[in-house]
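Below, each structure is written out as structure tokens.
In what follows, chain A forms one complex with chain B and a second complex with chain C.
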Partner chain A sequence: MITKRNTDALLAFFVAAVIAITAVFLLFPVIVTAFIAFDAREYIGPFPPTALSPKWFGRLFHDPYLWSGFKTSVLLAIAATILAAAIGALGALGISRMSPQWRDLVTTTFLSPLVLPGVIVGFALLMFFSAFIPLPVLPKLIAGHLVITIPYTIRMTLIGLTGIKETLREAALNLGANERQAFFTITLPLAKNGIAAGAIFAFAFSMDDVATSLFLSDFNTYTFPVALISLMRSKFDLTIAAAAVVLMALTVVLLFVLDRVLGLERVIGQDLYRA
Partner chain B sequence: MRAVGSRILLLLPVVAVFVLFLALPMLTVLNESFRTFEPGRIGSVAGAPLTTNNYTELIHQAYFRYFAQTYLLALCASLLAIIFAFPISYYIARLAPPWMRKASVSAIIGLMFLSALVRVYSIQLTFGSAGILSPIMSAVGVNTNGRTYIYVVIVAGLLHYAIPMSILILIGAIQNLNPRLTEAAQSLGASALTSHLTITIPLCIRGLVSAFLVSMTLGISAFVIPWILGRGRVLFISNLVYSRFSEVANYPSGAAISIVMMVLSILLIYVMSRLATSLDRT
Partner chain C sequence: MNILELIDVSKNFGGFTAVDSVSLEIEKGRVISLLGPSGCGKTTTLRIIAGFTSPDVGTVRISGNDVGRLKPYERNVGLLFQDYALFPHMTVTQNVAYGLRHRRTPASAIPSRVKQMLSLVRLDGMEARYPHQLSGGQQQRVALARALATDPQIILLDEPLSALDAKLRLELRIELKEILRSVGATTIVVTHDQEEALSLGDEVVVMRAGKIVQRGTPTQVYEAPADKFVAEFVGRSNWFLGSRPKGLGSYVTGDGLEIRAASELPNRQIGADLCVRPENIELVDNATAKTAVDRERNALSGIVLDVAPLGADVHVVVQLAGKTRLLAVRKNVRGTPGLVPGQPVCALFSASDVLVFHDQNAEVR
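Showing the complex of A and B:
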């Protein structure tokens, strides 16, 4: 018999099951990879590994192909992050001072690369550069990464700015500060958490990009993900698992910094009704 | 007057980047997509005659399959993502104790930041034909080399990103919902299930649509996931564009595919946001 109590119990069971299945689905593969990177065997055998050893990490660090990609990626991510954070923060400040009807339109325009497939950005830049501005690989990669990371820095800065009352800046101006002083002593310090969060997003997505970088890389200058994916396509070696563990460690570091800078709870917003 | 000047100055760098590295390159793509391609060359020749062939040849069945595959698999992943994400978001937003909330939010943001390569490699290692679950799969009679299984694995790859993303979006939507409404329905005699079906879900429709839309946009532009998990047998439109560039150097065709892909994405976003507005009852 279907009673209210039965359906409620069924619903609770269903929700618990969904949570359990999803948690296993999301975490299990990642845990498997982290474990198997320490596998002492030469081949991919049954799980769990029979003996552990850090040898794959040794091979990873002595692989000149991957190491070169890693250096390029870190350099590229740092350059792209600094530029994207500065350009995005200035843009967001400009947007925040606009009248409401313009603000939405301009914000949508600058966030549009978020829905643009990375392949198209890469392909378009490749054709544009080869036709009009011949540049070395690294500046081309920086240009591509700026396009894909600036939307994040703009958005995070805007989120950071929403909490700041315009009256604070006006008070400073009324008390005799000029525009520049008000900017450096009031607006910038208050916006800095949002800008920093944007920079973290930019770094993470720059380190992760494959589709755009693949078009702009060549045989001498290529990013870490581009090197990894070609390795992944040619052989199924556990060096890649070791590289994956390094990238996971990077994720944890970024997560920790983001929590420090902005607070992870703030990323999801405030609950209006929670006691 | 001064304020307008500073505003333009602030926006100048970002406008410069967008015009130079996005708008002009996209115009190059548009131009290239109407050029005649001569096999054996790299891209179109300067001043090649104009043509619409690059678009008309896309109607051919072989191309249609790439589009159908991409959209269907992305659709499956997006629907599954919101179905799985919704109860979890509700739990995190409303029921979880603070420590659990903090832990799950950290885990979810961590999963979002996780490199696409780690994701793909992990899924390959777990569900792939040589993966650690393959003995179990063959024991229960699943053919890990079949096309259907490849589809399932690609959807799993898409879900690995789409679920955490949808959870984050839906937590935001559920937090803005007044819990008194469901409480009122339940004290008036509705079961938990009915009250959620008739109150929570309709009022969260905007969040559900935007979670669906984000998953869908990421799904149809997926590149690495089908490239590795599709094992060369299942490819998405992104992979097709890349092969136009890397294998046959037919840039005009790649450009036409890119333009079609973009137009379809814009259409999708437009239709979905109209749908959200018409369904929205708040």
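Showing the complex of A and C:
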């Protein structure tokens, strides 16, 4: 019998089912990867592994090729994050003070790299540097990573800044602080969360980037994901799975630290609409 | 001595004139209410005094000094924002101390001053709390303490009571007046709420469309409004619009009712708008009315339309002959016979309680 109560129950069940399937779909690769990273077999056999062994992690840590890539990636991510956060914060501050007609134009310009495929960014930068400014590889990589991360730092900082009422700055000015003092005592501390959120995205995208880094890396200087792909082509084994688990663990640690320091809900904007 | 002088101040935004040639002097220690509807220019005037906007024309003087070129942080003007604008990442103490720290008060003097201010607003014990841990009334007090801490020459309050519920509003209103009086602060209260304006100010300045329309004590503004706008904006009123003069001291309304009024318009040829305050209307039954009518009193018969007992007052709406309705407000005193809708009744009010204004829409005969 079709009643409102029945259709409600059906809908609730359907929604729950969709959520469950999505969760499984998202977690399944993670779980499988974690398992095969401990696979004792020398070849890639059917899942589940027959025996477990941590040997792939040993191979990972002793492979100079991958280690070099990892160190480069971390160095790059830190450098790019710091620069992108600074540029993004200042840029967002400037944008928030602009008149409405300029604001949208400038924001769109800064956010435009998001619509470009990573390969285009990498290729274009490579051509540009080769033609005009010869640079060593690491600065080129930093430049490439800045192009892809600055949109995130600007956007997250802007979101954070929007939540700061204009009257707070005016109150500071009224009480005797000049513009510089008002910025450092009021605006910056309150924008901290937005800036931090942008920095997290910047770090994550920098560590993760393949397309742009592929073009800008060379024989001696290359990033971790680029190293993994090359390894996969030459010698397809489970070191890759071990590397994936290491990266996932790194992310979990990062999130944990962030939650302790900033409170994760605030970083992702939970209190955005609170008056 | 005049703490504040605005001389012919005007401000335009695009094509819109927000403040139109406003001149105002305020003496030390006075509390002035700046009253007017939204868009009348009162907030812009406030911002000009505080220094966030500079006037296109005119001079602003504080304690005799021309402050036109001074930035907000170079003026010593206290400001209580409508949304309080407390710094959410700072404690109560840090909020109150902010002005002191940025105006180069010696560090040793700050803690005692903060303590003094918090005692003044009766918030001792709340020093370590954060704004989100305080109630609305408490937040307002912190904002007031913060504004007063630097001993400003003039303090500006932007709709101070608007964010509070009715009960709290009454309580804080009394406290606010006490605090301002004890500090001797020269104050401007900006509001669109006429009750707030009349209760807080020693004087009321009514603004409309960027201009000052009337300035006087609350009683003057209420009992002798300068024009129809002020009469309507301040307090409740009943109107007989588009009345024509008839004989001496008498008018005929659009519905043909005859009203006796004690005041006269200088030019009797022009039409008039008549106004009576609801509390000046007494409702009696028709029999009693006949004995009360004389040259000094008006008696209009009608039918009770609605009775709203609001606790202390009773609001009665009476339908007169024609289209006019009157609102009569009487005190809810025990023993007064109650009225019911549909009951015939007579509205009595004296000629001296009738306010007469020019009807701008009338033709000159």
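The criterion applied here is as follows: the second predicted complex is superposed on the first by the 232 of 275 C-alpha atoms of A that agree within 3 Å, B and C clash if a C-alpha of one lies under 4 Å from a C-alpha of the other, contacts with A are read in each partner's own complex, and residues count from 1 in each chain.
One rule holds for everything that comes next: contacts are C-beta pairs under 8 Å (C-beta built on N, C-alpha and C of every residue); 3 or more make two chains touch, one makes a residue touch a chain.
Computed from a predicted model, the values in this text were never measured in an experiment.
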Requested in this report: Report for A:K165: first if it touches chain B alone, second if chain C alone, otherwise both or neither.
Outcome: second
Requested in this report: Examine A:L173 and indicate which partner it touches, taking first as chain B and second as chain C; both and neither are also allowed.
Outcome: second
Requested in this report: Please indicate which partner A:I120 is in contact with in the superposed arrangement: first for chain B, second for chain C, both, or neither.
Outcome: first
Requested in this report: Considering only touches as defined above, state whether A:Q181 meets chain B (first), chain C (second), both or neither.
Outcome: second
Query raised in the report: So, does A:A204 touch the first partner chain B, the second partner chain C, both, or neither?
Result: first
Query raised in the report: According to the contact criterion defined above, which of chain B and chain C contacts more residues of chain A?
Result: B
Query raised in the report: When the two structures are overlaid on chain A, which partner does A:G88 contact: first (chain B), second (chain C), both, or neither?
Result: first
Report task. Kindly classify A:A51 by the partners it touches after superposition: chain B alone (first), chain C alone (second), both, or neither? Result -> neither
Query raised in the report: Which chain A residues qualify as touching chain C in the complex?
Result: 165, 167-168, 170-178, 181, 185-186, 189-190
Requested in this report: Please name which positions on chain A make contact with chain B in the complex.
Outcome: 4, 7-8, 10-12, 14-15, 18-19, 21-22, 25-30, 32-33, 36, 44, 46-47, 86-88, 90-91, 93-95, 97-98, 106, 109-110, 113-121, 123-128, 130-132, 143-144, 146-147, 150, 154, 179, 204, 207-208, 210-211, 214-215, 225, 228-229, 232-233, 236, 240-241, 244, 247-248, 250-252, 254-255, 258-259, 264-265, 267-274
Requested in this report: Mind listing the chain B positions that touch chain A in their complex?
Outcome: 2-3, 6-11, 13-15, 17-18, 20-22, 24-26, 28-29, 32, 43, 84, 87-88, 90-91, 93-94, 101-102, 105-107, 109-111, 113-127, 130, 132, 135, 156, 159-160, 163-164, 168, 171-172, 175-180, 189, 191-194, 196, 217, 220-221, 223-224, 227-228, 237-238, 241-242, 245, 251, 254-255, 258, 261-262, 265, 269
Query raised in the report: In the complex of these two chains, what residues of chain C are touching chain A?
Result: 50-52, 71-73, 77-79, 81, 83, 85, 87-89, 98-99, 102-103, 146, 150
